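Next up is a structure, given as structure tokens.
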Amino acid sequence: MTLHSFFVEVMQVVTLLGLAPLFIGWVRMLKCWSQGRSSASIFQPYWDLAKLFSKDMIIAENASWIFRFTPYLVFGTAVLAGGIIPILSVDLPLAPTADVIVLVGLFAISRFFTALAGMDIGTAFGGMGSSREMTIASLAEPAMLMSIFTVSLANRSTSLSHIVQVIFSGQSVVRPSLAFAFLAFILIALTETGRIPVDNPATHLELTMIHEAMILEYSGRHLALIEWAGMMKLFLFVMLGIASFAPWGIAGTEGFVEIIGAFFVMVLKLGIVGIALILIETGLAKMRLFRLTEFLGVAFLMATLGMLAFYILE
Amino acid sequence: MNLQAAAQINSFLAAFVLLAAFAMLVQKRLYGLINLFAWQGLFLSINTALVGFVASKHHLYISSILTLSLKVFLLPYILHVLIARLKIRKEVETVMNIPLTMLIGIALVILSYHLMSPVRELSTLITRSTLAVALATVMIGLLMMITRRHAVTQIIGFLAMENGLFLAATSATYGMPLVVELGVALDVLIAAFIFGIFFFHIHTTFDTLDVEQMARLKEEE
Amino acid sequence: MILLILLCVPVVAATVLAFIGDRKIAPEINILGSAATCAAGLGLALQVYEQGPMMAGGKFFFVDAFNVYLAVLTSFVSMTTAIFSRRYMRREREHGRVGHVGMRFYHAMFQLFIFAMLLCLLTNNIGILWIAMELATLSTVLLVSLYRTPTAIEAAWKYFILCGVGIAQALFGTVLLYFAAEKILGEGGDALLWTNLSQVSDKLEPTVLSLAFVFLMVGYGTKVGLVPLHNWLPDAHSEGPTPISAVLSGLLLNIALYALVRCKVLVDGSTHTHHAGNIMMGFGLLSILVASFSLLRQKDIKRMFSYSSIEHMGIATFAFGLGGPIATFGALLHMLVHSLAKSAIFFTVGHASQMHWTQEMDKIKGLFKGNPLVGWGMMFGVMAIVGMPPFGIFTSEFLILTATIKDAPLLTPFLLLGVGVAFAALFRRVQPMVAGEVPTYQHPMKVAHVPVVLHMAIVLGIGLYLPEFLNRWFYTAVGLLK
Amino acid sequence: MIVSPIEIASSSVVLLMLLVPAAALLGRNQRLLIAICSVFASAASFMGTVAGVMAVGSASVERVVLLLGLPSLPFHLRLDPLAGFFLTVIGLLSLFVSIYSAGYLRGFLGHRPVTRLVVFYNLFIAGMFMVVLADDALFFLISWEAMAAASYFLVMFEDESQENRRAAFLYLVIAHVGAMAILLSFGVMAGIATGFESFGGYTFDAMRQAKIPLEWATVAFLLAFFGFAAKAGVVPLHVWLPEAHPVAPSNVSALMSGVMLKTAIYGIVRITFDLLKVFPWWWGAIVLVLGLVSAVMGVLYALMQHDLKRLLAYHSVENIGIILIGIGLAMIFTSSHLTVLASLALIAGLYHTMNHAMFKGLLFMGAGAVLHATHERNMEEMGGLIHRMPWTAALFLVGCVSISALPPFNGFVSEWLIFQAFLLSPSLPIPLVKLLMPLGAALLALTGALAAACFVKAFGVTFLGHWRGHPRPRVQEADWLMRSGMLMGAIVCLLLGILPTLFIEWMDIVPEQLIGYKLSTSAGAFGWMWLTPLSEERASYSGPVVFCGFILIFAAAYLILHVKAGKIRRGPIWDCGFEKINERMQYNATSFSMPIRRIFGFLFRVKEEVTLAPQSAHGAFPRRLHYRLRVKDRFWNWIYRPIVEVSFWASRRVGGLQRGRIQAYLIYSFITIIILLVFVG
């Protein structure tokens, strides 16, 4: 691996860290517009993070080390994932360390610890959040795997950068199975990133919240790390979707110019995705918890159908 | 005498033994039963003696005497004494109705004839025909034990079976080896003592000799 | 010579004990007598092992690998039983369940019984075999009713009548056998000698022999306790004093089976068909199934184990019926280990029921804590009897099962069903008895360690390592039974 | 080498056997007994491990024939890589558990004598060793049943309680029925091998040589699979497992759950891949389907439990299912001659065998430590233990993370391999199985996710929050022996997670001998850091990098943020403005799993009862509310109860033969004679 690829790696992580809040800002702005409100600046998330970092913290008396350890882990997994998913280029030295399954595993472990942190304090809400989160995840995660499996079956690899390369090389024609997989992926992405209709990132009404309920006790830099990780997660899912379904524009192994190009293409895609996301969110309303099982069931079913379709039709 | 006559007499006596068995099957009175048993023993011993004479098997005389003393005198005597001692009722009732019992008995006779016919063909002895009778007697003895519910009658049935066996031993094969016959006799004797003791035990514990009383040991529903 | 000693010692002991059977030293004499018998038996075994089959008393006795190992087994188990009965009967007497006469009677009859069984085994004359068998029955009848309780008397009566009838059938069979043999061997005693019969068996008239076998089967089968001729067995074995139950279950059944097998050999030799075998297999299988299902609902401990004896006799009978080297080998081994394990179980059962003065299993509890030897003895005994490795019975059942897979694959499921049900039933009952806390009404007592430990050790040993001499023995026996 | 592995192995068995009488003698001095026996048991297990490692490493096949058993069928011992692998698994966990028990058993001092426990504990380990060493049917079965019997007594150790006795009984009966089935299967194979003319057929060698016709092979396989499944706790034969494992002393449950079940896996592999060798694809399909069912049902039942050890026991069902998925895939691939994939799947299965042994052992040891400290098995009462027992908590957490298949721990690697095997299945020729594959992958994924949920519950409810029950016990940390036992387990879990390539290279000989393909050539192609099952285009995973990545990023974030460490205040819990929030208000096991119960409820017999106590004086609110929840296993009513009822019905019928009337008995013999006479004449 060359100096160049290391540079790319760093570039990616920086992009991730830098752009994730911006994307959130963009999404929020769109949301306000769509609801006819005047919006905060697109850079507002940065200010929020900065504020949280500078604050000092209150931790509940009986918080154990798990509670304090979780934010770093969540943040760490997000960054690590950023080094693996081809955002700008497929030529990543870290790419072979982890394929899609590992990626799902990374998200899973951060969820695992977030849920534990939720139970650590011993409030009703923490427990509630963890319980709901794990329930949803236990349906969403397999669906996620299924839809990704379909893609990787189609491209005969589970390593993302290879998938992208295969798609570039044009070996993989458009397939019905991929359609199923894509649909499933959208539903799951909404679930995993805690968007409407599954969870409402804006709410703090105790009984409706899921993700928020777990991190209720966090403050200061811990909260900042978790918020930031959350933003990155949304960003990463978008990137994951792009890489596995519409990777065109991601740079190959050549010089800097492509990467600059890839950067702008990516920003463009982000903008579009943001709009799409808002359209979905304004279109739907938050569901009751037990309606979610149907929602996720559909996702799971579709993903499995996609894989079946691959086996039957191709 | 000539073998023909001997065979005649032999089968005649055998028939008598069988007849006695049938009579026992339907005899209700205890004393009568014992007497019939004694008669059966008598026929048996005569038959044995006859066979011994015809076939000049002298050890058969001994077994005939054994039979006489044991089955005709000793056992009936013991039974009489016991009955007297225990002051048990004279009447015994049968469990099944007599005609049916008779029919079954006859069926048994037919069956045993049928079964023994191949064996008869093989035998060259003058007494071959009595083998079937012997089997029938054994079976009827068993049938008697089944139909009666009185300890004494059961024992008599058991002894009747023994008679049948004796008949078989003497008729089918001019007598078993002497040592065996002696042993069998000894066993019968011991058995006699044992059931003697038993009558007392049963009578003292259940103050009746009705075996129907002895049905405690069983698998519960 | 040794053979005569072997037979005389019990008679002498019986006569002596008939007079002084109620003295304090009577148990010791009893033990001494049976120990001497056992020694003689071992001597005889050694002789046979070195010189092969032998006759004695002018063809009157015949000893080969088959019966000598049973003779040794018989004398050995009767010795250990005598040791066990010392403590047991003393306690019974202290508790006033038997009086002076009873004790005399008990000891005398015990020795007489041993004599009868040994005579059964060693005689060469099928008639004598029958007589000895009857003698064995008669000598135990009154022992069964020793306690004079209504149930005991009832049991003894049934035992007496049913076995008497059965034995009568056997005599008829013997007569027929003689009838057939006489044509070949001429009249007189020789015609009943097994040695002669076995030589000429193929000349014997098949029809007669198959008829004879029916009667012998029913007759000796009654003594073996094969279903549906078994009804006397649970009663008799559960009502008598426990030492008697031990020898009845452990030995007498074996002897009867031995007689049956001897007859089967002749019949097979004559008819050249597998009829006899099939009949035995039928009886065996029926016994296994009926017995094992009956086990499920037992409440009386001794009754339960007598049902298990029926089951195991069924297995052995089945195996003999199956024939073939492996099955026969298994059957012989099974007879050996079963009688050892079963008598060991009865020893522990006797002590257990004495500790609680009841035979109801619901009342027996906490033996592990109360008396480890009894508790663990019973536990391991049961594990052995249900065929758990590494005990010997597993080996025999292993052989029998695998042989069945070969010769009668369709019967294997039934066999397994029986064995499995018996397993569940026995454990279901034994577990609560051995485990748990000691109940208040349990009183400690001194128990006879030696017999239990000895038996279980041998059973375990055979399971782990079958000595070469036993192996050779069984093989020669298998050869004889071909 | 100087001493051959099999010598070491057999001497370790001998050592364990010698401990039995020794323990019986030392019964007087319990403390000494515990010390000595733990030391020697650990030594023996260590020897076993060494032997196993050497056997696999040297790829040697050694035989020994003992002069025991039947003279014509002596005991055959054989140590080949497969046996060596399982020997390693068993030995390793036994080592850890033996060290652990040295501390754990002290808890019994003063309460009850542990002689029995120690004796059968050693017998148990010896039995497991012998099972994998056995090379003929008789010795295999003897060791198999010895193992079962020993564990039976261990389960029944605290025999006062009805519950324990019932569990032990159920366990023993099912185990014995299984053993009988195995016996039959051996019988069939031996019979084909030599036609029963001699005992020679009962050696495994003879069975290997034998050309067994397919229908008989099928019979043998089905019987054997039934038997081993009964031992492994495959649904629906699993009912004994959640009964027996919780009631046994925890060191024993660790061994039973961790390695005893694995002997069944060993048996399946041995019979299918080694003895029968040739088999149709649908055998594999059966194994695969049953594996999937067990995995899903196991984890779902586990989620419903609130007894910690019971929960873990159900997870054993799940993991056995996962292992069987791997084995089943391997069988399918083998039958369609895809050796590469077959060895991949087999490796995955065996890898998970190893992993499950480690983390399940660790978890049971942790549960034992909790039980030991709190005398409580019911999670509803627990909570907040992480403050009192930090070590146990941390180590238990490692177990939780591993079993939930999360990187960088070991559980993840094996499931990752199985997923790879699934993803490579399109090359299968059999259409029916091809359809099975995606469903299989889906269910496996579901299982993993549910397992994560279940262990968030297990750890969160047990160790986090506040103590729920009152009174609050005096809890103190497990002693150093118990901790070190668990620590070793945890370390192995981590190593297996981050260094899979080395491990695979070590155990690679097993599939090479059974299937005939060496995976490590491709798997280790990029050095020890990169695990690339087939090719790095296909898929790749690097445990070390992920692990280091974590470390680095933590470090970085932590350092950067603590340059100016804003001070941390400890404050009371924020109660969202509600009044007096107390520990009874925490989510507990039942409430945590409530949503999942709602979703998958149709799989169980769920009984919910809510009763309101009479209204209080002023009416508005009920004074107290009783909530009762019962979640039952459906299989009990479907399969087991009918069997019991039928057999008792039969028993009643049979009892009709014995009604006490002597005439009836006479009639029986009368009729018997008549029938026989007619039959003959």
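For clarity, chains are labelled A, B, C and D in written order, and residue numbers in each chain start from 1.
Keep this in mind: a residue touches a chain if its C-beta (ideal position, glycine included) is under 8 Å from a C-beta of that chain, and two chains touch if they have at least 3 such contacts.
All values derive from a computational prediction rather than experimental measurement.
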When B-D is set beside B-C, which has more C-beta pairs in contact? B-C
Report the inter-centroid distance (CA atoms only) between chain A and chain C in whole Å. 79
Euclidean distance of C-alpha centroids - chain B vs chain D, Å: 70
Centre-to-centre distance between chain C and chain B (centres being mean Cα positions), rounded to whole Å: 31
Averaged over CA atoms, how far is the centre of chain C from the centre of chain D? Could you give it in whole Å? 44
Among the residues of chain A, pick out those that touch two or more other chains and give their numbers. none
Which positions in chain B touch two or more other chains at once? 115, 118, 142, 145, 154, 211, 214-217, 219
At least two partner chains per residue is the criterion; list those residues in chain C. 157-158, 161, 165, 169, 211, 234, 294, 297
Taking all chains into account, which pairs touch? A-D, B-C, B-D, C-D
Which stretch or stretches of chain D touch chain C in the complex? 67-72, 138, 141-146, 149, 156, 159-160, 165, 168-169, 172-173, 176-177, 180, 183-184, 186-188, 190-191, 195-196, 199, 202, 647-648, 650-655, 657-658, 662, 664-666, 668-669, 672-673, 676-677, 680-681
Touching chain A in the complex: which residues of chain D? 383-384, 386-387, 393, 397, 401, 404-407, 412, 416, 419-420, 422-423, 426, 434-435, 437-439, 441-442, 445-446, 448-450, 452-453, 455-457, 459-461, 464-466, 526, 530, 532, 536-542, 545-546, 549-550, 553-554, 557-558, 561, 566-576, 581, 583, 585-587, 591-596, 598-599
Report the residues of chain A in contact with chain D in the complex, numbered from low to high. 53-66, 72-73, 75-77, 79-80, 83, 94, 96-99, 101-102, 105-106, 108-109, 111-112, 115-116, 118-128, 130-132, 134-135, 137-142, 145-146, 149, 152-153, 156-159, 162, 206, 216-217, 220-221, 225, 289-290, 293, 300, 303-304, 307-308, 310-312
Applying the document's contact rule, which stretches of chain B touch chain C when the two form their complex? 57, 115, 118-119, 122-123, 131, 134-135, 138, 142, 145, 151, 154, 158, 161-162, 164-165, 168-169, 172-174, 176-177, 179-180, 183-184, 186-187, 190-191, 194-195, 197-198, 201-202, 205-206, 211, 214-217, 219
What residues of chain D sit close enough to touch chain B in their complex? 652, 655-663, 666-667, 669-670, 674, 677, 681
